[in-house]
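Below, chain A partners chain B and then partners chain C, in two separate complexes.
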Partner chain A sequence: MTLQAHAITAGYRGRQVLSEVSLSVEPGETVGLRGPSGCGKSTLVRVLALLHEPTTGHVSLDGTPVTGARHRVPPQIRTRIGLLFQSPRAASDPRLSLTDLIAEPLRATGHPRDTIETRVAELADRTGLTPDLLARQPHAVSDGQLQRACLARALAHRPAYLLCDEATTMLDASTQAHVAAVITEEQHHHNMGVLVVSHDPALLKRWTTRVEELI
Partner chain B sequence: MTLLHTEGLSVRFRLRDAVVQAVTDLHLRVRAGELLAVVGESGCGKSVLAHALLGLLPANAEVSGHATVDGTDLLHSGEKVLARQIRGRKIGLIPQSPATALTAVRTGRTLLAETLRAHDRDPKTADRVAADAGFDPADLDRYPFQLSGGMAQRLVTALALATDPPLLIADEPTTGLDRPLVDHTLDLLRRRCDNGGAVLLITHDLAAAERVADTVAVMYASRIVEHRPATGVFTEPAHPYTAALLKALPDREFRPIPGHPPMLTALPPGCAFAPRCPRADTTCATPPTGPVACHHPLHTEVAV
Partner chain C sequence: MADRTLLRAAQLTLVAALGATLLVPVIWPLDQSAVDLAHVGLSPSPGHPGGTDDLGRDVLHRSIYGLRVSVLVGIVAALAASLLGGIVGGLAGLLGGWTDRVLMRLIDTLAALPHLLLGIFIVAMLRPSLGAVILSIGLTHWLSTARIVRSELLSLRTRPFIDAAIAGGASRRRVLTRHLLPHVLPKIALATTLMIPHAVWHETSLSFLGLGLPPHLASLGNMINDGQRSLLTGSWWASIVPGLLIIVVTLAIAALATRWRDRLDPRARAELDL
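Up next is the complex of A and B:
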């Protein structure tokens, strides 16, 4: 029962970014990932999130190797991994209201309307988004509020693993503590495994159980 | 010598059905050699302040009050003066989100050479200017999309420093950088001040502010609520908001401030922090003033 990267080599158009990198995240644990700027942390996260296909090596989910990436991976496998990006603005459709933003992953997998409504309300409550905020579009909320909506969206499918790629870097101390608290609470509920990519030694020390270094 | 001076600076954005109070009644003074850090939650008005000083606000913004840099009026000077005498010459800007600030179809080298040439400097010094900002000159021929977030950040820093302006406004210059690069950038800012320059550092990173700032202005819901020498702010915060923000740090209590910041379209008439404040009472319905804008500060004897 692990999310595992086995000897991943990956890159973009011939430019190799990762070479033979392995990493594992167990259910319930919080793993930190640290490394210099531009060393491939985000690429590794994209590979683990099944968004980027490695040139060699593979990702396995609870012991089963995953082949392909993005839409070639069946939804029941894809939805087991949640992802929270660094910039909530770049990661949200500016046309959607926050409600639609959070509901999107559930609609995409054909959940019935009333289930979606209940789940969105529950997620909004947990991430501290008021009905007033939910009706707004991304341009009308702050980065912190938008990142909380993105967190709600990432948790919509109750993922077994959540990957946070510098997800709190651009947030102020209070919002960062709030996002971390919501994630920790979710972890206690159903033993979610969490990967935290960060440059901040104080954050990694406080939040994670072990830290892996990428060079 | 006072380099930047604002008095009662306010910025309003008129929307169709509301007015956003983005910056309210700001009194700031930055001297040559001083590094002032403006800290606060996202959406509290920090970046609007930077844009107001540089005349970069959108058309629906209404600016009032006074602001001068090195004696030149910033609010009523007109675009020509701002473009030819202020931006890049008297005030440099390290913009937020460097990825969007860089021209996508130009390499770092052409951007840097253009800036140097426009300011009558030798474009051949691009390599050195880049290296000074921690940007590897070997990467100068890359296009912005080929740069990581951290590399783009260092490139915009190089662009701002290329013209050596007396006042540098750095808007979140360390976001997305790893620790050694954060330290490098902060040292760079500090060094500018030690050499007689002035820096207005806008950041949500309290640790960064603590490391380099001479003075700190804590901003909450468009107003500065605590404005003091840096030493006291982090050890003995006087405003309950400052104290709560510090408690949220991962190396302190890692506890979020309860509640949410107010909407800038519907600010309460009194203290905007009162609804989230453990010390609030009926007196907080009237607006507090002073360097510690609070009716019930945690410390009354503060050095200002």
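Up next is the complex of A and C:
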């Protein structure tokens, strides 16, 4: 029962970014991922999130190898992995209100309307988003508030694994602590495995159980 | 201030022009084939504000009828061109790879040809009719829309919010209809509006060259063409009135569309593509 990257080699248009990288995240544990800029941390996260197909190597989810990436992976498998991006601004559709943003994954997978409503209310409550904020569009909220909404969206499917790609870098200290607390709580409840990509040694030390180095 | 006055003038012009074209068949219907040889070549006067042409027909009256045809052709042709451009640009932007490369080279090739020449070629192969003119404009004016749609889709496709939607379980269709199209459609609508003046000019050029609408129909291009003869006998109004009408109306549409574009996308303000 692991999210595992097996000897991943990946890149973009012939430019190789990762070579033979392996990494695993067990349920319930928090793994840190550290490395200099441009070493391929984000690419590894995208590969693990099944959004980028490696040239060689593969990702396995709870022992089952996953083939392909993006839409070629069935939605039931894609939604087992949650993803939190560095820039909440870039990661949210500017046309949607925060409510729609959080509800989007549930709507996309055809959940009934009332289930979605209660789930969105619960997620908003946990991430500290007030009804006033929920009605707003991304341009009308701060980065911190938007990242909370993105966290709520990432948790909407109760993912077995959550990948945070420098997700707290842009946030102020209190929001950072709150985001981390919400993730830790989810971990306790559902034994979610978490991968934290960060440059911040203090954050990694405080939050993670072990840190992997990417060169 | 001057900007706003200009905008207001454009709005009023459009309202007046569209009102006139819509109401004229009710208030003052035109017999397209009527000739009044008792009133040939009259200069503008209160009875005939635009004068009469060499067959004694009221120039202003026929110009308004001509505008009806031109605006109708302009709108339908712009819609047709946008539809075609949207489909081609959509395929190139969504499928990428070889499809994209082939379609883009096709567009570059077509763009290298003068589109009036291409338009003339298309109408020359068909019988002169409204449909032929619309087809000629539609088939030559879709390139810019296709480029806009393609580049918009390419830049949207790599945005993290599309990744987030896919990771959230959204199907291809849902990503397209919920996340891509809503961003692209306003741009297509804008491109269509900006294209209407071009389409009107194209129609007028074709009619002027005798390749557009059948000559007895009042269309602006036909009238300007007919008016050339009167120009030699000193009746300048037969060409000038329809000419001015087309310039004023297309400039008004372009002014409003440009304003709309500036609101939608302030970065595009620097480019002027009238």
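One rule holds in what follows: the second predicted complex is superposed on the first by the 215 of 215 C-alpha atoms of A that agree within 3 Å, B and C clash if a C-alpha of one lies under 4 Å from a C-alpha of the other, contacts with A are read in each partner's own complex, and residues count from 1 in each chain.
Convention: a contact is a pair of C-beta atoms (placed from the backbone, for glycine too) under 8 Å apart; a residue touches a chain by one contact, two chains touch by 3 or more.
Keep in mind the model is a prediction, meaning the values are calculated, not measured.
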Fit or clash between chain C and chain B when superposed on chain A: fit
Contacts of A:7 with chain B and chain C, given as first, second, both or neither: neither
Partner chain(s) touched by A:142 [first = chain B, second = chain C, both, neither]: first
Chain B versus chain C as contact partner of A:153, first or second or both or neither: second
Contacts of A:91 with chain B and chain C, given as first, second, both or neither: second
Chain B versus chain C as contact partner of A:35, first or second or both or neither: first
Which of chain B and chain C A:81 touches, first, second, both or neither: second
First (chain B), second (chain C), both or neither touched by A:206: first
Which superposed partner A:128 touches (first chain B, second chain C, both, neither): first
Chain B versus chain C as contact partner of A:173, first or second or both or neither: first
Lowest C-alpha to C-alpha distance for chain C against chain B (Å): 11
Overlap of the chain B and chain C footprints on chain A, listed as residue numbers: 87
Of all residues in chain B, those that touch chain A in their complex: 40-43, 97, 148-151, 172, 175-182, 204, 206-207, 244-246, 248-251, 254-257, 260-261
Residues of chain C touching chain A in the complex: 159-161, 163-172, 174, 178-179, 182-183
Partner chain B, residues of chain A touching it in the complex: 34-38, 86-87, 128, 130, 142-145, 166, 169-178, 180-181, 199-203, 205-207
Residues on chain A engaged by chain C in the complex (per definition of touch): 46, 49-51, 70-71, 75-76, 78-79, 81-83, 85, 87, 90-93, 95, 104-105, 108-109, 150, 153, 156-157
